[in-house]
Amino acid sequence: MIIPEPFRLLTSLLAVAGFIGANAAYLVWVERKAAAWFQRRAGPTEVGWGGLLQPLADAIKLMSKQIIVPPGTDRLLFCLAPVLIMVPAAMCFAVLPFSAALVPRDINVSLLMVFAFGSLNVIAVMLAGWSSRNKYAIISAARVVSQNVAYEIPMLLVVITVLMVSRTMNLTEIVAKQAGGFWHWNVFNLAANPLMPVTFVIFFICMLAETNRAPFDMAEAESELVAGVFTEYAGMGFGVFFMAEYANIVAGCAMATILFLGGWHSPIGLWPGVWWFLLKMYFLIFTVIWVRWTFPRTQFYGLLNLSWKILIPLSLFTLVLTSGLLKIFGR
Amino acid sequence: MSAFPAADRLVAGIFLLFVATTVAGSVLAVFTTRIIRSVCGLALASIGLAGLYYFLHSPFLALMEILIYIGAVCVTIIFAVMLAEPDEPRPDKPTGRSILWWLGAIVVSGAIFWSVARLGLMGNWPTPAIDRKDGSVHDIGVALLTTYSLAFEVISLVLMVAILGAVAIARSGRHHE
Amino acid sequence: MLKVLDTSHSTGPQETFVLNLGPQHPATHGVLRVKLTMDGEFITNAEIVCGYIHREHEKMGENRKWDQFLPNTSRIDYLSAMMYTHAYVAVVEKAAGIQVPRRAEYVRVLTSEMNRITSHLLWWGAFLIDLGGLTPMLYAFDDREMVLDLLEALTGARLTFCYYRFGGLCDDVTDDFLTGTRKFVKHFRPRLKIFRRLVTDNIIVRKRLEDLGHVPAEMCRKYGATGPMIRGAGVAYDVRRAEPYSVYPELEFDIPTQPAGDNMARYLVRMAEMEQSLRIIEQTLDKMPDGPFMAKVPRILRPPAGDYVFAVESARGRFEVRVVSSGKEIPHRVRLRSPCFCNLSVFEEACRGMLLADALALMGSIDLVIPDIDR
Amino acid sequence: MKAPFNEVISGFVSLLTGMGITLGQLFRPIVTVQYPHQTLTMPKRFRGHILLKKEPTTGKSTCVACDLCVKACPSDCILVEGEKKPGEKRKSVTLFELDYTKCSLCGACVEVCPVDALEYSRAYNLASTSKQEYKVMDLVKRLEDSKHP
Amino acid sequence: MNLLHLQERPAVYLVVAASMLALGVYGMIRRRTLIGMLIAGEIIFSAAMLNLMAVNRFFVSDPSVGQIFVLFIMGLAAAEVAIALSIIIAVYRNYRSIASAELSELSG
């Protein structure tokens, strides 16, 4: 089926925007509900059936609030930061293959694209913290930068491992190579590298750290730094950061699904389709929420130690191991 | 692309947008007094540059530009800004000397711009190839590890030395331990 | 080259800044203000500014009749209301020479220990929130509510119990209460195991607590820090054993101590204390004598002139009430020695050189109740 | 070399254990009370604000306006006035005002009452738009308005 | 001048690169802090890269050569930034300032 290019572009734009919006809104609801159930509470129940209209109510509340730009801030950057944080998250979605046919834009170096735009995230958070001119926000911004720099490294190393196994930078092809049963998925591709499950865990941990999620939520750290970089943001300014956090989580979990869990392929090799992709992705998102509501926050230097002393050596080791195995057994 | 209405106009518009972004970013980076905005200018220029690379048939480099320049260089600079002073000292009253400096800078950069741009516009270039294939990532990889393997090794050595040097210099001033 | 750049003798201005923690900060659990002088994320100096909710409890005691001060006692440290009331009631009984019936003493110990469990549970939840873990608090509150329900049915209030009277209790314990308490003890032991597996064994928690926030026994003595602070530094000092009161000498329990003196030591001491409290509760339930719950007490109390002191072990340490009677209806002087004030004063010295996040973990492990600091 | 490796493994296992526990709690019923829809019944001994008891036979208070509760109150929040009606042996209460904004719910007044005229209310979710309503709570009027015997 | 096919004219890229170079040089002269000068230096690097890429695209037969060179420049730029910043921080620790005018100890 050939759809004329302008319509295709328009529909994929709308679909991506809608997908991000719906996810950001409803993951808030899911998170609140899941948190409540983990804690044996009921969660939102009042607005709509089972609190389903809660995101709408939240949005209305946030939008009706006054947006305060405190005196002394760098006004331009302070207002720019919330805008800037949404862009990279949205750009990542432009190349994510939801299924074989459902790719907004299939480009040859889509893997690189996701990580290139993913690395913009930190600048936005950083600008938010810096321009607030608030001590808590600046401490938090410094933390965020060193955290993101530290976790970018093992993440890219792990991705390079996957890259070497699948020998392409095209996400669609990476998934296509994992067809036919869960034993072909990269996470279980023990022939290429017996440490593949470990690399998946490393990727997942790095993804948590890159999206500033608990137990690595140094950006917010509400019991230490009040609200971290978001301290001075009010109303929808804060709301946008909140949405971007969920957009980033979705992007990260989608990447984990694509790189390790066989994308749209089913575990038994039958009926591939977008639902498998969504199922795996939402399972990972649930795990992210689950982790958040189980663990306390790590120390800041514990977090850096984890990256520099454990994750980077481990991922380097898997990288060397994979290349060695590839060299010996070839393809 | 042919099915797209007014495709070439759209493309030209996007191209001009990228050119404007690049130049505006550079201007911001150079002229603003706040260093943090200056870094933002550099980031902006990098985004524009990435777009220009895309138009120069090299999406790979475009993405690498974003990854390295914004993801690494800008972040590192901002980090250093946080450790050191945030702002430049406000310029004092213009003295004769500073005006002289300013005039000198204007003249030098103006001369450079004029001569290089003139060279670019009037230079005796061969006829440009209009529709050429892009160098694929595969080609780049092969060339890196065959023809340019020495340069590749030297670069990795330079990076290694840079890391070690940076660590050594930065560590020597630490007085907590 | 490297030598030139050595900055150990740098002459430039020190790069420190002042971080104002509080009076409204999520980590200070109330209106406490700490002025931190920071070098980056390291604390070079801390200055505690308290007094934001000073209510002059001591002065109130000197303006009221002896028994009119009773409601105040449960509002000084609202988390160990029973124990604070116990201290005041006991010092007045000592002054007036009132003999308390044994049943009342057993009930006092029983309810005090239940109160200790609620206090430690709340500390546990709040401490985990300080560390960034939000879920354990709800689990702790689940169990805490059970105890509070029992105590509410017994005393009529959930927090400010005001259950003890000079010479006994305001009302007898009910059978429902006793069976309910037995049920709770049975329920709570496995819960403590779950807490251990969920939190105590957790690697993140261990990394955040172990070997951080050292408060050695020396420092505790210097500032008069007591309770889990000093027991976490390896000193088995517990007023229940050091200056036995009520029926504690008849009961078997251990004083948990940890030698390390770090955050984890204090954490473990409190967790072990909850188990010891369960032991005490079981014993008091078994040994509960029959008899009156109230002694004969004159309607208007005029204790003979003198200076009386009585101390109890509250959930946070030694709580001491000193009253000076001039033989009148109204005390001449009421002096309250609250454990939190002394425990907090350790913070300024202990947090020097620590990272902000670790210092807040230290503050959490001290277990502050701000009204108790300010009184 | 072995120790840090073991720490990583045991640490990871401890994380999984924690996640197992929270997952177990996820499937258990909720324990909170959905407040406006569900309310609690207070236990018998619950100490709310005080009320004048209604004597079943006369439908009036037994209070004799002896002022003992006024003297017992640590916070000075009770005001009682009574008058001796002709033909009665004791005084009867005409005004019993409670300043609930000052009351600390200690129950001293209830305990001291010689004729057992006071009781605790079971109301715990009091709310009002005006402070005056709690500044002066006229208990005699409440007694007359109350429906229950 | 036809605006529609500007992206296929090498001169456009060369002029943009020239302007970036000039701006970078101006910044190098005018900026009074080390970090500001470093940023100006990065602009100059970018100008060089753009120039290389433009020439590579329009006048060179093997399309991967220019890309490889630009990659090398990026690597060098990253290394340069790392070293320069660590020196700047070390200098800052010593002098509590990164204004270039104040670092006159070596000027005698």
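Going in written order, the chains are labelled A, B, C, D and E, and every chain counts its residues from 1.
By definition in this document, a contact is a pair of C-beta atoms (placed from the backbone, for glycine too) under 8 Å apart; a residue touches a chain by one contact, two chains touch by 3 or more.
Computed from a predicted structure; not experimentally measured.
Enquirer: By CA centroids, point me to the most central chain in this structure.
Expert: Here the chain at the core of the arrangement is A.
Enquirer: Looking only at C-beta pairs that count as contacts, which pair of chains has more of them, A-C or B-E?
Expert: Per the contact counts, B-E leads.
Enquirer: Quick one: which chain's Cα centre is the longest way from chain D's?
Expert: E
Enquirer: Whole-Å distance, chain D centre to chain E centre, using C-alpha means?
Expert: Chain centroid spacing, chain D to chain E, equals 74 Å.
Enquirer: Cα centroid separation between chain C and chain E, in whole Å?
Expert: Comparing mean C-alpha positions, chain E is 62 Å from chain C.
Enquirer: List the centre-to-centre spacing of chain C and chain D in whole Å, with centres computed as mean CA coordinates.
Expert: Averaging C-alpha atoms per chain gives centres 25 Å apart.
Enquirer: Take the average of all CA coordinates in chain A, do the same for chain B, and state the distance between these two points in whole angstrom.
Expert: 28
Enquirer: Which residues of chain E are in contact with two or more other chains?
Expert: 90, 93-94, 97
Enquirer: Mark out which residues of chain A touch at least two other chains, giving numbers and ranges.
Expert: 38-41, 293-295
Enquirer: Among all residues of chain B, which ones touch two or more of the remaining chains?
Expert: 60, 64, 72, 76, 79, 136, 169, 172-173
Enquirer: Any idea which chain C residues touch chain D in the complex?
Expert: Those residues of chain C that touch chain D are 64, 67-72, 75, 135, 139, 142, 145, 152-157, 160, 162, 170-171, 194, 197-199, 201-204.
Enquirer: Looking at the complex, which residues from chain D come into contact with chain A?
Expert: Touch residues, chain D against chain A: 8, 15, 18-19, 21-23, 25-26, 28-32, 34.
Enquirer: Once bound in the complex, which stretches of chain B touch chain E?
Expert: Touching chain E: residues 8-9, 11-12, 15-16, 19, 22-23, 26-27, 29-30, 35, 38-39, 41-42, 45-46, 49, 52-53, 55-58, 60-61, 64-65, 68-69, 72-73, 76-77, 79-81, 83-85, 88-89, 101-102, 104-106, 108-110, 112-113, 116-117, 119-121, 125-126, 128-130, 132-136, 139-140, 143-144, 148, 151, 155, 158-159, 161-163, 165-167, 169-170, 172-173 of chain B.
Enquirer: Within their complex, state which residues of chain A touch chain C.
Expert: 35, 38-41, 135-136, 139, 214-215, 217, 221-226, 293-302
Enquirer: Hey, which residues of chain D end up touching chain C in the complex?
Expert: Touching chain C from chain D are residues 7, 10-12, 14-15, 17-18, 21-22, 25, 31, 43-47, 72-74, 104-108, 111, 120.
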